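What follows are several structures.
There are two complexes below, and they share subunit A, which is joined by subunit B in the first and by subunit C in the second.
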Partner chain A sequence: MKLELGNVPIRDIQFGVESKIVGDVLYINRKELQDMLAADQALKSVALELAKPGDRTRIMPVKDVIEPRVKVRGNGGVFPGAVSKVSLVGSGRTNVLKGAAVVTTGKVVGFQEGLIDMAGAGAEYTPFSKLNNLVLVCEPAEGINQYEHEKALRLAGLKTATYLGELAKEIESKDVAVYQTYGMKEGIEKFPDLKRVGYVLMLQSQGLMHDTYVYGVDMKQSLTTIINPTEIMDGAIVSGNCVSACDKNTTYHHQNNPVIADLFKEQGKNLNFVCVIITNETVYLADKERSSDWTAKLANLLDLDGVIISQEGFGNPDTDLIMNCKKLEGYGIDTVIITDEYAGRDGASQSLADGDPKADAVITSGNANELIQLEPMDKVIGHARAADMISGGFDGSLKGNGSILVELQAITGATNELGFNKLSAR
Partner chain B sequence: MEKIKVVHYINQFFANIGGEEKAGYEPEYRPGAVGPGKAFLADFGNDAEIIGTVICGDTYFNQNMEEAKKTILRMVRDAGPDLVICGPAFHAGRYGIACGCVASAVKRELEIPAITGMYEENPGVDMFKKDLYIIATKASAAGMRAAVKAMASFGLRVARGEKIGTSAQEGYIPNGIRVNFFEEKRGSERAVAMLIKKMAGEAFTTEFPMPDFDRVEPNPAVKDLSKAKLALVTSGGIVPKGNPDHIESSSASKFGEYDIDGVYDLTEETYETAHGGYDPLYANADADRVLPVDILREFEQEAKIGSLYNRFYTTVGNGTAVAKAKEYAAEIGRRLLAANVDAVILTST
Partner chain C sequence: MLILTNNSKVKACFEERLQVIYEACSPGELLKQARDLIHQGHELLSHPLAGSIKPNAAPYKSIALGCEKKKLDFPSLLLIEEAIHTYETVTTSGLAGVQANHTQSMLDDFKEVDLALIKGAAGGIR
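Entry: the complex of A and B
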């Protein structure tokens, strides 16, 4: 499978009379987009705001971040099963509004939402402070339940990203990257001397709003399966997660999965990147056993020599992580796992809820319990009071002057377990 | 700028007093640098000076620990340094323990910054790595030059109160405290590089070493309980009322062995728990809940079990280091074997 990603750089974002891209500026017709989103009866109101790098702006509580993309050539459309019809994606060409993102906020859905600071100390910890963000402040209609609320927010973000992506459909990108994978036999013939490598992508799917969707399927309903990495670049996986902000994979993270990008960099040089195995993170032991059995079995059937395993979330999913690792190593497949740590505010506690000597190659994205003082911002998009209730916050997190004392946990993407950031710990 | 004042602690060997035959040497304070102290002076340049050296024989220190510590602390206090450097001790066990002991006491009791240096397998490392920065050194004094260089510059940074980074950045032995920092490459890129090395069989360093697991396979089931001699062992802290051996409520330094000959029931008046890690109300009201003597006595009378061994062993698991627990288990096991006990019921909390 071969996908070309055409970058369309966006260096500024403004409201204008017409939605369009001129040079590297993205203009948005505020009213047109607002009206489109307000059509969803689950939402009482939708307001649009801009947050740019360096702005003294705080966005909270953040539900999801999405990158606008559009299919230029090839089968299907972005976010299949969510926005576009269900149809296989991952081939042809896709344009990307590089440097822009859609951020959803509004009344908090669950307790576990995060924040993005566009300036100051907190901005260092979230990749989204470097983007030109269109922020959707969505307030739910009276009487809808939290599941309807979550879905409404999820769809508003995806629809907006699709709307913005469409603006780049006719643009001929000057910066095109090509990603190609090969069938079993083809790959072995092409790279006879290279180790066969896979990527085990664990998707948060514990239910009760800890959900991830693949082509519209709730991942907890699925057996472990394989997917082509280029499908993920077209939005085959979307986040429906209300889970601790620091290590939840937003839709943006899935679209820009760094493990996939870095495995492609070594493709044909130091390894043969075969495919991605997606598996769920469930709550019942039988489901954990089955899913990890299938992870190891598929990797073995694919004759993989090594895999990288990435986790989403912490605590309970640590058991899924270690089961996957142990069973893969049991087949003689080398593993490297990516996780983050909950070592307490003083860094002295045991970092993971589960462990095994077989997990001898670990990449850590840092201690999520470490405290950080966030200075007051000039503008808060969303609801400042959420500071006291989000994970990583506590009663009294929000100070009178608008500064916030929180654990890194509260910052969207801070300890991402796809290895998106440079933060680590020893 | 004024020079940082350093007191250096070394043993009789490095002070050129003698080897094992002089290991009983009592603590002595000498002004200025002695032995490896001269190498430190060279590395300090104009930034620091060694105002004095404390010398003590390894055997003397380890056999008279409290007395030695007291004397040495007094010597250090009188000298009034800004920093105390102990060793390096390399792989010398008793020297390592002395260095760790002196440095941690100086830190804790005199509130003066103190560091030491050792080889990673020195027994002093496990004992003191949580209390101290221990710079990792080679096993032998052949690594003196590198050890002094690392300890000198690191020691001065500690003395100045500078922000200390992670063990990987600074070269001290990981102390179990996790510290965040920004790597040069993102996590995914490090993961790919690590996997390539692992698959090629090359050396790599994990960023999070799994805790050491000491998993013990259970023995096969006892074939005939009606002939077996059973014993009770607990980490739930059940002790005779009044806790006669003063087992600590946390981080226990000992275990207790108590006679239950003729005891058929543990009552509120006779037993209690010493454990500080759980709500003691229910254990104090009826200690059989943690140490089931009553039920086992019934089983004994009904001949469901052969007999209940007339002593039980107890300690407090709360905050007690694994190394200590292993030490107690080995000794308890030895005593149970000597008493021909067939099986043990281990209870926690």
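Entry: the complex of A and C
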């Protein structure tokens, strides 16, 4: 499979009379987009706001962040099974609005998740402070339950990203990267002397606000399976989870997975990047056994020499992580795991809820319990009172002057276990 | 299947088709009650640390166990002991915890998420 990603740089975002891209500025017709989103009867209203790098703006509670993309050539459309029809993606050319993002906010339940500061100390902990964000503030229609509300928010974000992506369909990108994958036999013939390396991508899949969707399928209803990394770049995996936002993968993280990017960089030089194995993280122990059995079995069938495993979340997924690691090592496949830590505010407590001597190559993306003082912002998009009720926040988190004392876990992407963050490990 | 819960919503959802033990207690006490049941020979079927709301921040918890009493299942015992350890670590270390004075609507939301978690396996409750 071969996918070309054509970057279309976006350095500013503004509301205008027509939705279009001129140079590196993204203009959005506010009313046209609002009318499109209002077609969903689950939503009473959608307000659109802009948040740019350096703005003294706080966005909360964040549900998802999505990068606008569009298929220019090749099969299918972005976010298959969610926005586009179900059809295999991952080949041809896709244009990317690099530097722009759609951020969804909304109050699905009383306790709230995820904040993004566009300036100040907190901005350094989230990659999304560097982007030109279009923020959707969604209010549900009367009588909508939490499940319908979550789904409406998720789809509003994906539809908006698709709408913005379409604006770049006819643009000829001057910055194109090519990602090529090979079949089993082809890969062995092409790289006969290189180690065969796979990537096990663990996906949060436990229930309301703890779910991930692959081609529209709720991942907790899927057995462990194989996916081509370029399919993920076209939006085959979308996020439906945001609780304890520091180590949850937004859709943006999936579209820009840094483990995949680095494996492609090494492809043909130091290793043969074979494929991605996606597996779930469920509540039932029998499912954990089955899914980790299949992870190890598929890796063995693919004759992998080594595997990188990235976790999503903490606590119960620690069990999935260690099961995957132990069973892969049991087949003689070397593993490196990427996780984060809940080691107390001083970092002295046990970091993971599970462990094993076989897990002897570990990368941490930081301690989610570390406290951070976030200074007051001039503007809050969303719900300011959410600070007291955010994971990582506590009664009194929100100070009278608008500053917030929270654990890093409140900041969207702060200890992301794909390694997307850059500041929280030292 | 037996469900041990302190969540009235879970009780109402399952009591007509499954054995439900409902206790109006803290999540920490519920974990210890699950340990007692494991010592009596019930096998643990769901992970006791389900969900991403931190153990000390979630007021409701539901745990699935096998109905039958069999020989003591050591992996179940190990898992529940680790969960109790994690719970006690976070509740005694002064980390962010349960906020006082939750509104009724907030408590209902916590109940709903706990219900979604216990239902949230492939194919639901079997």
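Rule of thumb we're sticking to: the second predicted complex is superposed on the first by the 417 of 426 C-alpha atoms of A that agree within 3 Å, B and C clash if a C-alpha of one lies under 4 Å from a C-alpha of the other, contacts with A are read in each partner's own complex, and residues count from 1 in each chain.
Please note the rule applied: contacts are C-beta pairs under 8 Å (C-beta built on N, C-alpha and C of every residue); 3 or more make two chains touch, one makes a residue touch a chain.
Here the structure is a predicted model, which is why all the values come from computation and not from measurement.
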| item | value |
| --- | --- |
| Combined model on subunit A: subunit C and subunit B, fit or clash | fit |
| Touched partner set for A:367, first subunit B, second subunit C, both or neither | first |
| Partner chain in contact with A:195 - subunit B first, subunit C second, else both or neither | first |
| First, second, both or neither for A:341, with subunit B first and subunit C second | first |
| Subunit B versus subunit C as contact partner of A:350, first or second or both or neither | both |
| Partner chain in contact with A:271 - subunit B first, subunit C second, else both or neither | first |
| First (subunit B), second (subunit C), both or neither touched by A:35 | neither |
| Subunit B versus subunit C as contact partner of A:287, first or second or both or neither | second |
| Minimum C-alpha separation between subunit B and subunit C after superposing on chain A, in Å | 9 |
| Subunit A residues contacted in one complex by subunit B, in the other by subunit C | 350 |
| Parts of subunit A lying in touch with subunit B, wherever the complex brings them together | 195, 197, 258-259, 261-263, 265-266, 270-271, 305-308, 334-336, 338-339, 341, 343, 346-348, 350-352, 355-357, 359-367, 370, 408, 416-426 |
| List of subunit C residues in touch with subunit A within their complex | 44-55, 57, 64, 79, 82-83, 85-86, 89-90, 93-97, 99-100, 102-103, 105-106, 109-110, 112-113, 116-123 |
| Parts of subunit B lying in touch with subunit A, wherever the complex brings them together | 166-169, 174, 176-192, 194-196, 198-199, 204, 206-211, 213 |
| List of subunit A residues in touch with subunit C within their complex | 109-111, 146-147, 204-210, 220-222, 241, 243-244, 248, 282-288, 313-316, 319, 342, 344-345, 349-350, 353-354, 369, 388-389, 391-395, 397, 406-407 |
